[in-house]
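Pasting the structures here.
In what comes next, chain A is part of two complexes: it sits with chain B in the first one and with chain C in the second one.
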Partner chain A sequence: AMAKLLLLCLKFIVLCSTVESVFEDQVGKFDWRQQYVGKVRFAHFDTHVQSSKKVLLATEKNVFASLNTRTGELFWRHVDMTGPEGNIDALLLHGQDAVVVVGNGRQLRSWDINVGGLNWEMVLDSGSFQASCLVGQQDVVKHVAVLKKTALSLHYLSNGHQKWIENLPESEAVDYQAVYSGGNGEVYALGVVPHSHIAIVAYSLEDGEIIKQVILIHSTPWLSDIQGSCAVIGRGMLTCVDSPAVSLYTLDLHGQSEMTQIPLQSLGLEVALGFQPVLVSTQPNPARPPLSEFFLQLGPEHHLLLQLNNDQIVTLRDFKPVRNCSTTSLSCKIFYILACSLNLFSAETGRRLLDTTLIFNMDPFGGKPETLYVQAFLKKDDSVGYRVMVQTEDHTLTFIQQPGRVMWTREEALSDVVTMEMVDLPLTGTQAELEGEFGKKADGLFSMLLKRLSSQLILLQAWIAHLWKMFYDARKPRSQVKNDVTIENLSRDEFNLQKMMVMVTASGKLFGIDSKTGSILWKHYLENIPSNAAFKLMVQRTTAHFPHPPQCTLLIKDKDTGLASLHVFNPIFGKKSHVNPPALPQPILQSLMLPVMDQDYAKVLLLVDDQYKVSAFPSTKNVLQQLQEIASSIFFYLVDSSQGRLSGYRLRTDLSTELIWEIVLPTEVQKILSVKGKRPNEHVHSQGRVMGDRSVLYKYLNPNLLAVVTESTDLHQERSFVGMLLIDGVTGRIIHEAVQRKTKGPVHVVHSENWVVYEYWSTKSRRNEFSVIELYEGMELYNSTVFSSLDRPHAPQVLQQSYIFPSSISTMEATLTEKGITSRHLLIGLPSGGILSLPKMFLDPRRPEIVSEQSREENLIPYAPELLIRTEWFINYNQTVSRVRGIHTAPSGLESTCLVVAYGLDIYQTRVYPSKQFDVLKDDYDYMLISSVLFALFFATMISKRLAEVKLLNRAWR
Partner chain B sequence: KERTPLLWVFVQAAVVVAWCFTDIETGPGAGVTLSYQPNGDRFKIEGRAIVPGVKTQDWVSTARILVESEEYVGFVRTDGSFAVNDVPSGSYVVEVVTPNYRFEPVRVDITSKGKMRARLVNYIKTSEVIRQPYPLQIRANGPHTYFMKRETWGWTDFLMNPMVMMMVLPLLIIVLLPKVVNTNDPEMRKEMEQSMNMLNPNPELPDVSELMTKLFSGSKGSSKAGSSSKGTRPAVKRR
Partner chain C sequence: MASPGGQGGGGGALSTRGARRMKWALELSLGNTRSRGDRQGGQGDVVYPIGYSEKPVPDTSIQETDKNLVEKRCWDVALGPLKQIPMNLFIMYMSGNTISIFPIMMVCMMAWRPIQALMSMSATFKLLESSSQQWLQGLVYLVGNLLGSALAIYKCQSMGLLPTHSSDWLAFIGPPQRMEIMGGGMVL
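Moving on to the complex of A and B:
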């Protein structure tokens, strides 16, 4: 028995070692990663060291990161929980410490920005966060104040300990919204009772005692919100703007108890109708009062620089038309303005500084600038220089240096990729010429010959040019040889390994990325995308139909209303197609791509609206005619998860539909989590599996099979379950039903060939489990030529097995190859950032518990309850992909090779070889060895021949 | 011909964080640490991660603490210690995740009263308790091994290959045997012939050595080349 076990182990080891993994010298050879942080919410330049290269970013993706301002690369990045628990509410920078308020004021953290490690972390009392500020006294900043709905607390910057916490008076009536400290040992909490009055409480910095409390009864009936409408200016002058009365109100926090009204007319100003004016003040040093200069925004493109001078407000400058204003501080005070060109103005005088104009060219397919972050510095000659980081509506960060040189750009929209496709690159001009030769009508033998000769000549010319370039490049040092990829020189490589990645992001920006280098070749920002939009990207025409351009269609659907629109574009160049998509007045329920093509080789897209009417795009006469002919064989299904209803429809010749089946899963018991069909571009090479006794077990390859995952509505540990329904999408017949008790979602499913793999959480054993279902026809095939759902009398044999998986998973996908000969792997995105390539043979319901001669013959691995995670199987080694949400696999021209793109917060592209590179020489192929052996053998033969001749001659003489 | 197309489904898997906590058996006389938080039923998981021989500032910026795979996330302080706040009672797998170093996961059980216990993770025997220190002390057991070793080619590998051994040894015998034994001695020849006939009792059967000789001489191109070097040709003589 021991020997058997040993043999078993040995076998296991042998099998494990056959699994492909990465070699160290392959790092970066055909893979790349891009790291993103998301849309910036707060940004601060590190100023405590002269010539610091850091900018700190807190983003809407709950990421806190430090960027190198010279290159735009990440120094470090911390990814917090998604959702409100990890939401960053505030970022305050002091010296080399960054204080961050997280999770609606739940946690206060201090980071060391040089190391990227945590200094301290404090859990604060519950209560929703309102505001926070640094508090200083006598030019030393030692504390941070956090204002919550009901309390104000003060913490030491050094260790986060709470110095004091005080309840806010009348906090149920007063809405405290701002906290202010001017460096004089007092902390002010500013509150408002909407449409009634302002309340101001001053606390002593030392012990939290209330020094003063001011309530101005019925003073501000027009004020509902402090943020934006009010600001503290100069030596503690609270200033508010009232748009109906067109006036400014000022109140001295230290003395007065009356508000002073200053009508804007007295300053010679007018307010644009319907625009809420915004006040912005600047406090460069928290230990000192704010500047007495401030901004007043009166319209979308109208800003004013005002100054408070001895209780008088003076206009320093009127900026019009100007989109954004921003302030930064240096020894002198400066303001910045943007209107596609940037200028630097002195805040004290309002005058423009010389040589500070910065012009940058906006991307015509990008968004408008939204926010400016300015870094000012003193040059060697004591003049002021500055750099600016511009954030645009399409979440792009651009860092610009004077006089308008773009240092780097970061496309932060790519942190939120929703869906993607990989499109073959077009053939080059010469390749297309060659292809065209075969497509054209024959016009005489002689001209054909000429054409043939000329195309061969072109090939020869290209080859010589290539050789010359190789020779030329070889002489130059390696660093100088650049392979710049541009749209113009893009062309398909011989194995079709380089493709165009078309990525759709949640912000509505589309990208075309070269899969080989990761460089962005085109980008296109779609404006007016609803925030809750769902996207579906379809390739209507590939690049194979030259001279027709390739065509992609993006269906954008508002999840609430169901209203959809189409964006048709060329996936190689990103240009909007001249083909006009139909207007879709009705909500769309379902969209489907047919394999039918119109006369221009565009696949037909069918859209089903909420009246169950079908419209086609393109809808030419040719298409409609084809549709009429094949209408009776077009079936589709709809899922209504809120009602728990699955229904199947058939198309009628007049493009109306008829209901043919319906399955209702009562929503009181279970809800539909997801419905997965098979990928339409999947090929299955072998119809069956050869068993140990040389018989064949045929696979049940139903292309219409749907895997419906359900979860119990009752989530109690004992009664919860996860269900798997296998339904034929044409007939509605339930092929198989499996239920896993005491389990719950989220469930990840991969449905391919004749198997379904799914992963769920076992509440009983508190672990993640995999289950695999395989379907077989049996030992003989019912109809081996064609599969029809309507004519399959026998139910398939179903095999199922489950395994323990020692980690939860983020996403899962199966590898895909050109012809489906290569064995399959599952690509599993783990929360740790690794992407595990797990061979499908580990998830095989035929894995035997007791090893027999036959199972050994079949190469079945003996059953083991736990699947292992081996880091050697990580296809991305240490290039982790944070928050991976999708893995896209695409076949390449080589059967052995599958292209993989994992996206989430980061994007990672690589190639995998599930059965190793059997159809191409490996990259470590030893040419030297093989040629030296060949030469050695050749010479050995020569020498031995010579020797033999000599010997023969000698013998003949004897 | 029928083809069921892809579907446009929006199923929002609402992740309901319903923590059903069953009372975990607390080991008798266990060193139990209480850790209360300001907010009643939420607790703090504390510990320290150590990478032997590496300065903390070199790895803390890439490290994260994952509690039950991103359900709760913590960060590592500059001294290597960590705390994950706001965790309700339950049983959790706590992992230190870095791209470069490997840490073993630990299961932490928190009772509804806030008693903490750490034990080894065992997914098969889920109730097995092998205690671990709490506050956690998680020591990295080396860097991750992501890469396979390339098969390097060396002379020793080549020579120790069984196929090469099988080829080289007979060759040596062929070359060396005639030198050691004087094959021109007629007595010796007779003796060898006899022993050959003993080995091959049925002369009708094709002889392996003969086949090999044919093959060998054929591949060499000159049919007689090998004959003289070998000296004796028992197979030919027998005919």
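Moving on to the complex of A and C:
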């Protein structure tokens, strides 16, 4: 009966869902993308055109990009390989060519900075990269020199061809670290034998012949590293700083063979204890020698501007306290002074230039400035103006103009999102007022009535104000109507489609992003986050418990020490909560969120320490009492992948634990890659599947089921395998075990409802394969009211099927909806940057090889080994998401709609409708037509009724 | 649409069609072609007195043969539903078991008609009141209708519209309650 009708509807839905794509006018309506570059390693302002708006960035994410300095938007961006192969070692800018050394000196590339096109690319000989510089002669720069561990090579800037390559003498003993050219036809390779001496080799620019070789035996027993300690200043004067002796040493590269010692005391200076002094020189034009003015940093906040004048070093200015200093061409030097002000100083005199102070307000929730990139320019009246790009510890790029106006900010921390959650927005004030009314205790009939009336009045008032605003906005041209989302006017929309995205980044900066527009509503930088920290974000209290504010807890664990800390905050405003998290003196192994709430509606968080003792947060009396009552039904499992150990524990009433099961997978044979449980907020609407003969195959919906993925330690292609273990997390019982031979990882897993989908690489057939496991209880339910892992006498039926997938994948996640009625799709992030929405229907182990009447009745697609990628399944059309690392799905208030956020280098947010929008009228629904037809029919009925009356009357007269 | 004979015996007839244009008109010549067709007699040239009817008045006296006729008529009514069954069977066979709008309409009609008949049982009994075999006829009528609705149910069954399978009740099974709370994961 109904089932058939439902099937009919489903058929219709299935037919419709194959045409799932976006219309041209819907582009950007429900989705947005933000592109990032990562933490900046090198930055150069384009100076060859006076009015240029470009700044070139090479980042630690192996991205080479050009930014618009007026808006902060990307002109173009090149994303290289991840890992050391794509690492950008050096960036040299000359005219409109940018020369980049990539992959530890493997490749030399030249880019046209105007359009971002590749001029040329050269593959260099192997050898680890040391340094590179532009080489010029007679004011013309034509070459680029690349210094490697054993050789020095010179390339033409115009086409990249190698002019000459020379082996470095005694390269086994000498560590060549720097290359220098002063524009006089010679190229110097500077090397050091640590704690012994300096070696200098001069090459002729023309043919690479060694002109001169200087080895100063036992000259520098204190020197271990040239970078930072030494710099070439003025007309080829190598200057080094020795911190134990508190002296400067100078050596003329052109003639001298003896180092001159200049004690810093003679300059009246003192070095901060334990600080390695740093020398910084500037060479504005590679065809000319460097400036004779240079910086010496003596302490974290102590900088010196020195000048080399006829072999004499003169102090021009002592900057103290100064945190950062930076130099720029136009023969000026710029300093960042302590708090938030910048000043421009002339290098010749050390005097401060007038009207060059720049004061800006630091973000109180941001980090401290790390690096300054200064762009100086001549104003019309020949005075010097400048702009500055500040990179702070939290990877934020801020571009500031005089006298302190922030032009733009880029949150580059978002290129490295670790984990995220989507939190419902709060109700509007009036709605909350209404909600609050039901929360309060009753105090008399009359006052309740009054309260109700007043709140209704407020609602009416708000509605009228809303109508008025609509009317007012409708008269304005559309471009002027802006719905700026600020933290004050945030409120939940009708269908809960707009949410707050709480994102945790690897740098320790937290963000609150509006999911509708992508604007950053709050940010909070957590200082002193270790670089290898593990994060776990949990929502303890949602917005549903007005007037209690929502509450999120972030568990931060230092992987080295094992010690963890909790950061409790309000996910809507980003403010640190006044709730004090407990101090955690013991290393924490895992955390566990219970569905139990305290009297303030905050869910209880259990933290398991390395003694397997449990502490609760919040730990009020009420909570502890509740915990005691239900302790015997609380279980947790821990997976130690280094020892191959899975263990299950049960909570005792005194908050200690007892080990109840343990499985050891020998690490010599296989290692545990990942463990996936089910998502706690997942709902399954249908408890079974309807067969062709109208009987029911009931699903095995074990909420405690864990999917454990293992990979063989032996990676030989004949003996490697990928294993899938399905374990009950309460009892430790192995429900099912599957092994795919001649396969290897990386394995991507999705575990949901009664199925597990995983993807691996088949070494035998050299292709990517998908496998799906589905679990069924059979034709009868064992117990339809309660599910207990401890009372399950029957093993489930297991079905499995595998498919060939034409692409490798980066990440995988399943859609999630409010009630779980909508059919499921798998969202697959591809390395190409596409996000594929693959219907789960195609990954169904019940797909028959031979089509029968029953399978047709069930709408099963006949089995085909290949899964095709249909272009209309890409949910991000041409909005490529680079390096997708994770996909987060969240249900919305509409059953048909699932919110999707893909993050990696870029962030992309959209909505998907796996079964089409069955609960929403289409965008192009013709309200006019329908209502006019309705009205017309209504009037036609009235008129014909009248006519019929007249006719009847007349007939009666006959 | 002639006006009723309110013009007296003058023999004049007032034409309403004419009255639309003029206030009144007196037709002097009898047997005018325009109003002839409107006359009750159809002849037009004979004027009947008031109260005269052209139709013969039926003989209302009860005769023996009428009794038989009533009986026959009552049996017709009682056997009506049974007679429809072969036709229904034929329609059922023709419409097939697929679910589409026409078979559904037919099944609805088939099911609705006996139900309607059963609802108005008392009215039918009133009809059969005059018959001597009233109770037997009523029983036959009832059985016929029941058979009709049974047929409709059978049709529904063969079309799969009856909730007789476990899959039809699947949507009402709620998710089972969890007895254990479990969580954890890889050691952070």
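The criterion applied here is as follows: the second predicted complex is superposed on the first by the 903 of 958 C-alpha atoms of A that agree within 3 Å, B and C clash if a C-alpha of one lies under 4 Å from a C-alpha of the other, contacts with A are read in each partner's own complex, and residues count from 1 in each chain.
Just so it is clear, contacts are C-beta pairs under 8 Å (C-beta built on N, C-alpha and C of every residue); 3 or more make two chains touch, one makes a residue touch a chain.
Bear in mind that the values here come from a model prediction, so they are computed numbers and not experimental data.
In the superposition on chain A, contact is made by A:T785 with chain C only, not with chain B.
Of the two partners chain B and chain C, it is B that touches the larger number of chain A residues. Looking at the shared chain after the overlay, A:F636 reaches both chain B and chain C.
In the overlay built on the shared chain, the residue A:E172 is in contact with neither chain B nor chain C. In the superposed model, A:S808 makes contact with chain B only, not with chain C. In the superposed pair of complexes, A:K536 makes contact with chain B and with chain C alike.
Once chain A of one complex is fitted onto chain A of the other, the partner contacts of A:D125 are limited to chain B, with no touch recorded for chain C. With both structures placed on the common chain, the touch criterion links A:H683 to chain C but leaves chain B unconnected.
By the touch criterion stated above, A:D139 is placed in contact with neither chain B nor chain C. In the superposition on chain A, contact of A:E872 is made with chain B only, not with chain C.
Shared contact residues of chain A with chain B and chain C: 534, 536, 555, 557, 559, 588-590, 592-595, 606, 630, 633-639, 641, 672, 674-675, 677, 703-704, 729-730, 786, 788-790. Considering their complex, residues 1, 99, 160-163, 165-168, 170-171, 173-188 of chain C touch chain A. Across the interface of their complex, chain C is touched by residues 1-5, 8, 534, 536, 555, 557, 559, 564, 588-590, 592-596, 606, 608, 630, 633-641, 672, 674-675, 677, 683-684, 686-688, 690-691, 694-696, 701, 703-704, 729-730, 781, 783-790, 958 of chain A. Per the touch definition, chain A reaches chain B in the complex via residues 21-25, 75-76, 78-82, 85-86, 103, 106-107, 109, 112, 115-121, 123-126, 534, 536, 555, 557, 559, 588-595, 606, 630, 633-639, 641, 672-675, 677, 680, 703-704, 706, 711, 715-717, 729-730, 745-747, 763, 765-767, 786, 788-790, 804, 806-808, 831-833, 865-866, 871-872, 874, 877-880, 924, 926, 929, 944-945, 948-949, 951-952, 955. Across the interface of their complex, chain A is touched by residues 1-11, 13, 15-16, 18, 20, 22, 37-39, 44, 56-57, 60-62, 64, 66, 68-70, 72-73, 75-78, 82-83, 85-86, 91, 95, 97, 99-100, 102, 105, 121, 123-124, 126, 144-148, 150-151, 153, 220-222, 224-225, 228-229 of chain B.
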